[in-house]
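Letters are used for the chains, namely A, B, C, D, E, F, G and H, taken in the order the chains are written, and counting of residues starts over at 1 for each.
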């Protein structure tokens, strides 16, 4: 009975790292996977949605792995590849969106992009986001993480010509319904150019932004 | 068996017009109500959500009533009361939001407010709404009608100190879900000061704005 | 990488306090913000949705802040501004709605309104709310917090001419769906004049009531 | 292949009429059933949710059947049985709720109850329903049909000691969601004693009220 | 500021006990209410949805109160009134529905009904419920508690002529959605005579059954 | 640009007919497909969800095709293959479920099964379904089509040892939500052995039953 | 008052084991049932959804029972019956789907089927599932457990002629909505031959597969 | 009162055409806009979601505009700009997805991309899509339109390294819920690199693909 068939050849096939989604796995399962990749430093492996216990299990196998607790992410080998392709900008609407935004930021970097982050630029104070126009317009893809009303990606998309990757976060309460409200807002953005990913899916957002900005 | 007990005394009790919601009534029922109010020009009566057939039925009884087909609204007596209280501004995000916005505009006027309308100022082009800052800041209450992502009321609320009455419209498709998406956006607006009413409820929005700006 | 850009100038711009929503922040992040405002007693700062840990973190930086544990709210400076504008009345349908109602009450007071609270006046016993008619009619804005069937705001709106700010609470079980049932009831209130805010959003309700009753 | 096995013995078994739900049947199927019951005047048969075409088809077979177009109901034999059991009162919150309320009224009558109807007594004007207190308290069961906020059944239940059968109607728009909003309100009524049936199910409401008030 | 206005006169007005819903209250609030009723043994008071902590708090004030931990219910005075009216039968589809069923059973008894309970008679084995036909047909009202598919109330309603009070339970997983699936099943029951109450609302079901079977 | 690549080799690959879902196609597109299969009488082709216009378009190309208007189905060649495998029984809870049930019946027959149909055996009168026990127990797979409460498949599954294919129908109103209520009931059936397919998917139900009963 | 009427005769009646759903029962209730079956080794009893506490309680009564902690399942007697009928294959899309897949695997085995399991063959790398084509085509029924997008069952159904039992898992986050997303995907699978069961219902999936492959 | 402020400068600002969403506008309003752009052949204008009446109104003003009735799209000037940037491939899962796919195709072309279309390659027959691997891998962005289970975009994303723009269509019935099922599938796609847009939003998908493949 085969149980985990880690697909290290996907890197070759699609040109991108292997990702291990920890949330549905036991720390022991995660450690077993970490042991498998120890001898393959040629392939970048990301461990996403890693709790403290997952992180300890991975670090026991890969002590030099990079660990970002806020983003719940570990990367091995620890050093991102040298930047290639176009620059990525990650934008967090509020402080509470930072964990998701950092997951996107690090994913883009480990996929080989030059990536930076700005935060606390929600639409309740437009002067904040308008103050970053030059940075927004310099990016070849922009990831915007936002919860609550999720209005920021549509506003940003109206200001730039590059694609915007919108990632709704589960930040909020009541009728935010765990991220459903910003998800719907983003799907209905009036400005074209908004690519939506799943709620809290910082990894997916960063990955998509890296694909969009890949050198071709 | 008593069937319709038109409450003309509510005007006295609450100080506001009587409103007849036509959508759930037959044209004949609507006409019967119109006949009842013919002899009470002291009370303003609004017929809302009036289809063409409803309008014909009402106009046969009240030939001088004011009829705005776009807003689906009739008013009798036809002339609004002289303006009192503070000024109201109605904002429509897009052309498609105009029927709801006009229903709000006329309701506010027939409740005795000085009310005006601006349109086509959605967040996909921020310069549009920013170009109306003086008008926005002069109003004592602002009604904002928006469909799709419904982001405009939150943006407006961040620019002014007066209350914003947000009315989601059923404009949009797919994941707009007939107005649910903008409704959720408005309930989750990051800026405080957003009062939400039911989807497409232009009458309710205009009424609420008139109450907020009433002279006290 | 800038992470929190506390907008103390919003007080100047919109004329209202700064609010820090604690639920999405770590106690450490909250404490850092508290340290920032220590030297700005000219601006009222509210910390909302503060857990016990958030409160401790804030009080270590601002020992004199006012803390209302029931409402999950801290205010600094501790003394509300002297009352101005019209009076606000906060109504809680049941005992379980009190935390949300108190959040609204305190917010209105820290925005400079004369505000009072009545409780346990749900529609299952109409004589309760009818016994408070004079107080209801004296207010220039009424906040009504209700869970379960959420019927109280519509009943109150039918009794007064001032606007009613309706805040659904997540009180209830089963088909109350964490506040969705009273939210829908309030959006569909038959009486006009009901302004709805997000589930459990006592801060937003109190803020909106204070804006409505501001001296102009 | 047997296709319709009309259960005329159910009258004997449960003591109640046979009901034919027309909405899901073709007029031809309905006519075939009508032909079957022509020779069984000992059993009352109700045809519910009958469109004009259904009604014509039934009346061709049963020319003397009673037809109430507003309620979409036909009954044969046309005369209800002599009243027995306790009195039933049917209450319609608004004019638009009358079709559902009349379906309940007629069903109760054809099940042998003394039943009456009052209308236009919604909670937006409490004096209306309070003006009917003696009639409400005389009934042994009360059916309340209401759309929009659906608040009336809970208010009535708080005023009487008899059971209230609440039937939500699909009257309303936007966030009424075709009757979901009043359905939830009724399920969450604060006053005990509210029995909820399906949206627009006037037949079921009248039937249940007749069962509750049956002579035992 | 009045906070809890316990309505002991409701017993007189509606003829039924006072109920205190504990889930939304602190143990201290519950104890305070318990202290209030200590001197009113003429009125039966039920404490529903009482956790262990609520129960301790109540029992400290009312040591002789009857406590049923499974049902989460306390009653004071501890002895139910002598039975009057018609008999009530409570039916639990499965073992897991027993807490809700027992809440209904005790409520009916404390409202003065002769009430009994049968369990584990779900529709997956029809012979189980069919084996109880005499008991089912002897009752003047039947409460049926069921989770998962919630099919039992409709089946029972087809077998008897008395009203069936259907209470969906949150028993089940996945697409049971915390009781929504059985709730919808019950609202759509093909047999008339099914009165639906809120999910897990054993108190409401027992109360309604007692009202239906009251001596008149 | 290739537009329709009719997969006649699927018959060979999976051993089953080709099906053309008409609802999403224009009559002209459907006719073009019909023309394609005219020369392939070795493969059975089913046209499902065919409106009258679709049927006319197909019959112009394939005048000898079998057409069942009630089921919205055409089959070519018109004669089903000789029966093989185990017998299939299709059960329709009510008359209104017949179109879906007939689609299942015919599909099973054109996939080569001996299939029969019984109808009007809903759970509101258990004696109806219990009267068919021998037929139910003789089948090797049973398709049960039911709307409204959707309780019949679970009841049937408790009576037999063969698998039950449950197909919810959109029959019903209000809280039936176009088939969602019976869909949930079936997914939550207490008896194991219930295989659920999409709402109104008679074709899928018949196909699955034919696969289950295939000779191996 | 009878409380649990364990139906050991169902084995005789339907020819399948008795199953005890532990999740809704206390450990004590579960132990009581275990004691009941101790003397009936002729009937296989499965305890499903057993937590560690449930398992301890059962094992105290039935020390020799087989316990699979990952699947949350205990079986007594511990040895499955000798295989009969056709072979069953269980497929888990990802590692996180294994608990549900193992529950299906063991259920099929204890119902007397020859059953095997393959895992980690999700559609993101098609070569994985395509590498198992011979095993897929050898099975007489295939259970596919998948969370997130739930696309695997439809892909598998397009590759084989045997029925596919699709069991959505609650694996995933955000817009997976606890298994709703894969549930909908499976109900809408383009390939016919997909039988859907409830979210996480590995027991039901295994049972259904065993029924489908029973020797007849 | 200004009503439509056509933003021809957006082309300059963002570098993309102006789009007029016709569905929410009257033919007259659409014609008025068409008249406005007649003298601006330097800016490409797209009229999307144009019914036959909208198209006639536009063509009266712009007789030379290109009209694609299937896609509901008009373009003026009629000739797309010469291709620049990377190639775009549009994939339609089934024939019914073609209108949305063609809207995407034409939008990409009018934004200056070399774009092509393949259709009828759904996952029920994997060999179809696998037969197009060279074309899929040659594209710099792939738009995939799919209804029903919406599984195709995730499968495609696992086969290529370019970004996939997934557009769910409202094709399907029952539990497809007008496109919600494929929308959720796409948001939960296991393979990274899937950018989701609103249901039926072919315009948005084509626009996003053109932005992704823009020459930089």
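What we mean here is this: contacts are C-beta pairs under 8 Å (C-beta built on N, C-alpha and C of every residue); 3 or more make two chains touch, one makes a residue touch a chain.
Worth saying up front: this structure is predicted, and the values here are computed from it rather than measured.
Considering every other chain in turn, the ones in contact with both chain B and chain G prove to be A, H. For the pairs E-F and A-C, the larger set of C-beta contacts lies at E-F. For chain F, the chain whose average C-alpha position is most distant is C. Between the Cα centres of chain F and chain G there is a gap of 26 Å.
A separation of 43 Å divides the Cα centre of chain G from that of chain H.
Centre-to-centre spacing of chain D and chain F amounts to 35 Å, using the average Cα coordinate of each chain. Chain contacts: chain C has residues 94, 125, 158, 174-176, 180, 183, 187-188, 198-199 touching two or more partner chains.
Touching chain pairs in this entry, ordered by label, are A-B, A-C, A-G, A-H, B-C, B-D, B-H, C-D, C-E, D-E, D-F, E-F, E-G, F-G, F-H, G-H. Across the complex, chain G meets chain A through its residues 94-96, 98, 116-121, 125, 128, 147, 171, 173-176. Put simply, chain C touches chain D in their complex at residues 93-94, 122-126, 130, 148-151, 154-155, 157-159, 172, 174-177, 180-182, 184-191. Taken together, the chain H residues at the contact with chain A in this complex read 14-16, 19, 86, 140, 158, 160-163, 165, 183, 187-188, 192-199, 203-204, 207-208, 211-212, 214, 216. Within the complex formed with chain G, the residues of chain A that make contact are 1-5, 7, 10, 21, 23-25, 29, 49, 168, 170, 178-180, 183, 198-201.
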